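Shared between the two complexes below is subunit A, which pairs with subunit B and subunit C, respectively.
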Partner chain A sequence: MEEVDVEPTTTPIPGVDSNRKHLGFVWGPGDILVYETIYKASGLSTGGCPFVHEVRKDEDICSPILRKLFNESHHIFVGLQGIRDDLPSKNKKTQFVSISKNYRSVIRACMEELQQVAVSVQDAALATQYGNQVSILLAVELIWNLCEVLFIDAAPAGSLLLHLLDWVRLHKADVDEKARDVLQSESPTEHQAYWDVVISYVLQGRMDEARQVLMKQAALQPAARGMFKLLDNLLIKMPIFNPSGAQTLTEFDVKWRHWHEEVDRCLQDQSFASNPHLEVICKILVGDEDVLLEHKELLSTWYHFLVTRLLFSHPIVKPTELHYYAQSSMHMFLDTRSVPEPLDSILLAAFEFDIHQVIKDCSIALNNWWFVAHLTDLMDHCKLLQSHNLHFGSNLREFLLLEYASGLFTHHSLWQLAVDYFDHCPEFGRVYLELQIERVPLDTERKALKVLRICEQRQMTEQVRSICKIMAKGALRNNRLGSALSWSIRAKDAAFATLISERFLQDYCANGAFSDLDLIDNLGSAMLLSDRLTFLGKYREFHRLYGEKCFSDAAKLLLSLMTAKIAPRTFWMTLLTDALPLLEQKEVIFSADQTHELMFCLEDLTSGNCLPKPDRAMQDEDIDTTKIEILRLALARNLAKAIVKEGTVEV
Partner chain B sequence: MNAWTQGFPAEHCPEHHTPSHGWSSSHIIVTFRPQREMFLARSIAADHKDLIHDVSYDFHGRRMATCSSDQSVKVWDKSENGEWICTANWKTHSGSVWRVTWAHPEFGQVLASCSFDRTAAVWEEIVGESSDKQRGLRHWIKRTTLVDSRTSVTDVKFAPKHMGLMLTTCSADGVVRIYEAPDVMNLSQWSLQHEISCKLSSSCISWNPSSSRVHPPMIAVGSDDSSAVYSGKVQIYEYIDHTRKYAKAETLMTVTDPVHDLAFAPNLGRSFHVLAIATKDVRIFKLIPMRRDATHSSTPTKLEIQVLAQFDNHNSQVWRVSWNITSTLLASSGDDGCVRLWKANYMDNWKCTAILRGDGIPVNCSHDVVSQQSLLTASSAERF
Partner chain C sequence: MEGINAKYVSQKISKTRWRPVSSSSLQQPDIFATGSWDNEDNKISLWSIGDNGVSGMDDEFEGDPQLVCEYKHNGDVMDLQFLDQDRIVTASSTGAVTIFRHNHNNQTLSVPQLWERAHHYPCGKAPCTGVVCNSPEIVTVGEDGRIILFRSDQEGVTRTIENADSSTIHAVTFLRTTEILTVNSIGQLKLWDFRQRSNEPSQILSLTGDRVPLHCVDRHPNQQHIVATGGQDGMLCIWDVRQGKMPFSLMEAHSAEMWEVHFHPSNPDHLFSCSEDGSLLHWETSSNSDTPSFLQGGRNASITSRSAIAPAGGNQSLISAWLTGDSGKGRLETTHMLPSQTLSVNSLDVLGQCLVCGTDGEAIYVNRLVPI
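What follows is the complex of A and B.
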């Protein structure tokens, strides 16, 4: 059969003369920007270029109601992936059918909500848009339902027709509405739609309901009571296959043939000749195709005609015979001139059991990947696609899931659902996720942490590093040092941590106080990321000890910062100055040995050529000289005190 | 009994899922839409005084930069409601600005531009320091001008971020230059690391984005030189660890017509590379690295070249090619004045899926389509 195929659509861009100029473009997230330009080097100035146009793909992703469809189907999808492979196939089939029904029930819920909104909305254009979405969902549900019957449930002969009847009844439910109108009217039998309702019920095999409505008429025509009784009998007696019963298919067939002959006999002996309505019903029961086709309006579609035709002519149709009846029904029902709609082709492909054609046509005919991706995934779990394994690396299921999930990623919140879809694409899911997730805008710390968690859970180390680095860089740009430091610690970026530690120390030297104390006090082992960060942490610890009056610990730490070369030499002068108040305490804090070491540090610093710096102003040099003098004096005095103290034997 | 509930076991049919009325499938017929359509979401009044030559999105798609023959670059930020607002506009060069490109955000908010004035420039957006009068305000400052080229600089690209902060230019004199900022905190210092002489006037460059360790850095250079009629117009260079130099790995001898643009696709963890080329048609090549002999680490990897697809729908010259993020779509722009989108299905069959085409109706400049308010003030423009 011919495939549904369409030429690429052309989107007009206003104000650009494509005959004389070029159209420049750039890819964006979920859109494409285009602008007028000329690529040929002409040297001529052609005047201004007024507009850049943003072109988007027409996707349903933005509809808040459809967002529910995406959210809820995501749960079902994740559940389906969890079904274990080692379950006995019988149990699995039940599960798959129930999952299929769950998907359809989500579609139905969505459809219902859209329908209500479409009715209540004032804006006509919006109402049309919602109406369109409803009709697409209707088509999707119709196709899905049929696929469920044919492929997933794979009903055998006998049950097959019952399922198809349910399918038709579900999608041609306007009979019930009409019936309600008729029955609630003052005199139902006079209602113009009375016979339409009766016949519609019969066409759908709903005999009990047909009989109830017929009863109204029978009660009014005592003279024709016998005729009504006869038809009622035929309707009651019509055998319906019971798949759970003990009856075999052959027994059913025999019974059905008897009934069929009986109906035929009634026609032959003209039992209903005096009432054309009843005669028509009887002709339908006997499966008269001409009479069926006279009721095209009530049937409304060729596939309803197909199912009705099967009901009254071939009730034990086998799946393998279906395509024959489907094709002929379509041709008999549709005008010879009219071209089948995409929907017709898709349904026909399903009746032909050509799953690949169904999926292919649906992906061309529908404007979003939701349907094909989920249906194909389910089919794949049912092992229905195996015979068609592709040699191009990725398979059909994964191809469609990747497309669907990539679409979700263009949305500001739905991208989170896409993560799970990528997780279940063994071939390219991981790479796609890596490419997409690093593009998620990190608007806030909260969002960054969310993205980060997803990457961390999946050991995506490069993405984790990159996100932290971007956040650190951004925080530093905005002078938020604390945040910059914690992000660079997360990124394990030693160079950047050094740079920020440096900034902290500079700020301390300038203001005499530390910002972000909470962070620096609780660095823990993170401190070891860079030497400068270690120094920052330790130096802050010194201040804390000093503040808590743990002078001897503070002194020990201060000294070790220099002797263990943790402190950069440029900072030694500051450290030595910090030692001054300790040296000047009444109590002796630095021991003689420690004082010696301090003196050594000071001499080391002053004898080296790093101090005084050549570019320093004379005034600075004076201050430094004074400072050194004071330090020397304090050290000498402390040394004396310490020697005396250490030489004194306590009694 | 309701036909709807009949089909469903009770547990799968929550109360609110039961429709209050039925639908008939006859509703469907009219509106079953035929194709994924594109539509114009909005028009942005760019207001450049001359042709726009390039528009570039930043990594996260929240900012864009435009450059023009009017010698300026404009930076645009996307607001919460999706509108584009011009937040900076300054004169960047003393000639037409051909290309503008963003560095990875790991390196900050950094742009590079290249121009007919024979230079390329690096720009950084900074936030005013606390002492500054401009506290909290952002502005762009020029970090460096790269003046090594003696002819028009035709393309500028940052190298993939795993290589560090590196900038590449190519110019009409056929030289590709690779610069590096050794200290990423100091963007005023760039050292010229490599100069590759391609012998042909160069029009475009593309880095292979693969960060896999088995793929050494690779760059493709295209030439629009029309004087060298029979020579291959695409050269591929690879970094040789051993010599610390770039060496030619391959020349695509089948591409003899002028090449205007080329683009490597994201690697997707595959062993081979995909390269799209804009020449007299759109071509997609597959480059398969051949097994490498460990003893020959001083020579570049041999590549097997295959043509994956070739489309001549643009009728004549093709000027730009570009992949989307996951390389599922390729866009191209050509002499037919159209942008065409190409997509491969799961069987690797390529097809044109959409066309964007100017409607030919001239639009007046002072016109009333969504005119976006520019936040730009005269004083901030003077800063440059």
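What follows is the complex of A and C.
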């Protein structure tokens, strides 16, 4: 068990005094339920708090603006998984970089929206909450951008610095604002921030902008024109590496050293001695670290200091050398007594190319798995993670994705996104999905249909059956027999279909008529799902034929129901009673053979019932015996008529 | 796919509908309503696209829908229809039917009328699954198998058909002013005539064989006997309700449930359908030949036998191309309208040249240049 690096934070629960009473708790999928027990720490037991509290770690999932982040990143994630493995690696790299940029633009869009809302909202607590979320997203985007530069794009020496410069410029946007203020003021050169703007531009390597702003000063001081011209010259001539150009790294290095010597010479010659500002700029150009450190406020962060330092002293820094400079920059810039912020240690780990440390630190610092899950997945696709098997068998990417998706599943609405994440976790995804999908609450049929579609697409037959059974039971309870039947058909659940048919038959015996004729009349091939259902359909058909006076067809059907053993034994009595009116007709409907069969059925039935049942009332027995006698009489009479009819020869 | 962009709205959209434009003006529709589902707090929202002075920042995409107003809705929005320019009727998963009124002056929504337990079980709530209106009449159907007729100017219920169906009724549409069509979860299309006092349908049509639940139904705008339905297996069926108990043609459309199907209201040779599998299809049938389809013997020989029974009211040149019954002969073109794979597209609406659809990925797509 690893040691915890920081002290865990305490969250007080309102209404519960943990000093006086012991707290009980139980873990849930995304939160903890906490309650006050009767056990007291000391002293008498007094009345307590009757509530059960739900403590949730991740508030972000409930924020409506952050929901857009989850949805859009889900879209990008699914697209990423679809990238085929057989593409040449160069094309893949460009694709991965553009996917990384997509993710980042989604983060930025969310951040901007949050910022707008934070400014306009009235409630102070909400404003702070939004403000916190904005700063977290800022940090997240910063880290992601650095990871993109160092790991995904994996820029070599030369272009590495250019990318790092872009990175710093993107995250230090206030320079442009200040510059706008200065330039739009009445006399820019008098503005107090004038030199700050110039120096900031130089620190970021934006020489053209610096020169433009400097020109304003140069115009005002014709006497010092020579000095300004010299500085301008130095600024123009500063070599910038062009990755797509013909120049090799060594050529660039030579050029750069020449330029560096020239700047140094200017300094030694005291060319800028009369103007302290210009001297400072020249010292910056030569890479004087003390001067750089004097401008801590303008740099504001140690990583800006790092990049500026590299720009002016080691522009062809190699990726492997970065960590040395990063560490020293951090030590130089930060007060040695202050504890490094989590963000600083994460960035340092990134400069050291320790991906696992970055992921670990981010997981601890952030309260939600979104960032680490997506970043790790992207890096796994870039084949940057060693197959680092964790104790429980899956790899890091899968572990993080499972954690993230499980968190999503606790949300009443975002659970649908989680399904796709589980799909792309080859080892445990399916198991997790099977367990979670059954617990989605099903309020309406439409939601149940969506859940079923998810299960059917993944051949999760157990879950399909269980969900259909839940819906069918619910429908049955509300007397919606048609709905219940359609659910059993979907699950191909013969047992339930039998249950429903029993209900129908019971209704028939009780009421003497069928309910829901529209269903039974139009069963179609669903009839074959269960024997009882087939019987129901055929029985109804018998009634219909009888109603349409197709007596011989009706008779044949009735007989086949008994002889083919489709009818349950308990129903035979009813069937035979139904046969009575057919037997009593003037016209002979049942042939001799058929009558014999009917008699056989009757005997079969009565022989089974010869034992007296003690719990049956005397009246019932009487009715039964009367019925049987009437039947026997009718059968005998019909037999006689049939034999006569069949034996008659037309003359 | 020019002209179609996703707008993420932080709620799963169950229904989208364009506000009707007055028939006199040739304007394109500019306001649509959406209903959400599966949220703890569901809402109905009104959105505006285009330049009608609603304030917005410099949006990257012109015509990005802007929220005009929204209102809390109890339960999932199962169905949504515009009653007229100002009023919207919704069907809720709590069984309630609500009328919302949009106040143009201060851009708010209010609830002038609510029928709270319109659909219910003896003990419990039954979701109301579909609503259709022909102002001032409103017809709703629900999981409890009831059909209820309301009038927007009356408090109570005008008429209820109890136990109209033993299974869930999924959708309803008007066939004529006094007749409606319903589809249910055992694959039957039922025709009801309100002029009859009995609670029995006047006609039942279904596909023999598997009882595949039907989820949506729409009637051809000009030819009232042609009806399209879509079901759980994603098949598009075209029916002729005057004849036969079977659909006229079946076409494989989607790989999962088809949630909505719509004929284009002014150009009915175009049909749109959307599905759980995340696709939105645009069907276009070409009927620009002079001779009616079934007389073009040589090419479509297989259909002459089906059309041997001349349809009633036989002006042959008006026979719709939908009743050719044979999609494989190149007379039917389908195009996917969404740029890439999305989660389920739950709803679509088309009016003029504008198409709006909502998905389970919490996104709304608006296309203002539908090729009609």
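In this text, the second predicted complex is superposed on the first by the 472 of 651 C-alpha atoms of A that agree within 3 Å, B and C clash if a C-alpha of one lies under 4 Å from a C-alpha of the other, contacts with A are read in each partner's own complex, and residues count from 1 in each chain.
Definition applied: a residue touches a chain if its C-beta (ideal position, glycine included) is under 8 Å from a C-beta of that chain, and two chains touch if they have at least 3 such contacts.
Treat the numbers as computed from the prediction; the structure is a model and nothing was measured.
A.B. asks: Just to be sure I read the superposition right, which of the two partners does A:D518 touch: subunit B = first, subunit C = second, or both, or neither?
C.D. replies: Only subunit C; A:D518 stays clear of subunit B.
A.B. asks: So, does A:N478 touch the first partner subunit B, the second partner subunit C, both, or neither?
C.D. replies: both
A.B. asks: Taking the superposition as given, does A:F399 touch the first partner, subunit B, the second, subunit C, both, or neither?
C.D. replies: Once the two structures are laid over each other on A, A:F399 reaches subunit B alone.
A.B. asks: For A:H75, is the partner it touches subunit B (first), subunit C (second), both, or none of the two (neither)?
C.D. replies: A:H75 contacts subunit C only, not subunit B.
A.B. asks: Per the contact definition in the header, classify A:D269: touching subunit B only (first), subunit C only (second), both, or neither.
C.D. replies: neither
A.B. asks: So, does A:H412 touch the first partner subunit B, the second partner subunit C, both, or neither?
C.D. replies: second
A.B. asks: Is it subunit B or subunit C that touches the larger share of residues in subunit A?
C.D. replies: For subunit A, the partner with the higher number of touched residues is B.
A.B. asks: Between subunit B (first) and subunit C (second), which does A:E445 come into contact with in this model arrangement: first, second, both, or neither?
C.D. replies: The second partner, subunit C, only.
A.B. asks: With the touch criterion stated at the top, can you tell me which subunit A residues are shared between the subunit B interface and the subunit C interface?
C.D. replies: 478-479
A.B. asks: Using the touch rule from the top, collect the residues of subunit C that touch subunit A in their complex.
C.D. replies: Where subunit C meets subunit A, its residues are 8-12, 37-40, 76, 78, 93, 121-122, 124, 126-127, 129, 143-145, 163, 165-168, 184-186, 188, 190, 201, 204, 206, 208-211, 213, 232, 256-257, 276, 340-344, 360-363.
A.B. asks: Which bits of subunit B are touching subunit A when the two form their complex?
C.D. replies: Going through subunit B, the ones touching subunit A are 2-4, 6-9, 12-14, 16-17, 19-57, 59-62, 64, 66, 68-70, 84, 105-109, 126-127, 129-130, 161-162, 185, 211, 260, 266, 268-269, 317, 319-320, 322-326, 328, 331, 333-341, 345-348, 351-363, 365, 367, 369.
A.B. asks: Provide the residue numbers of subunit A that touch subunit C in the complex, in ascending order.
C.D. replies: For subunit A paired with subunit C, touching residues are 64-65, 67-68, 71-72, 74-75, 78-79, 412-413, 416-417, 443-447, 449-450, 453, 457, 478-483, 485-486, 489, 515-516, 518-519, 522-526.
A.B. asks: Can you list the subunit A residues touching subunit B in their complex?
C.D. replies: Contacts found on subunit A: 6, 8-29, 31-39, 45-59, 98, 101-102, 105, 108-109, 111-112, 115, 131-132, 134-136, 138-139, 142, 145, 166-167, 169-177, 300-301, 341-343, 364-368, 390, 392, 394-396, 399-400, 402-403, 406, 428, 430-432, 435-436, 438-442, 462, 466, 469-470, 473-474, 477-479, 499.
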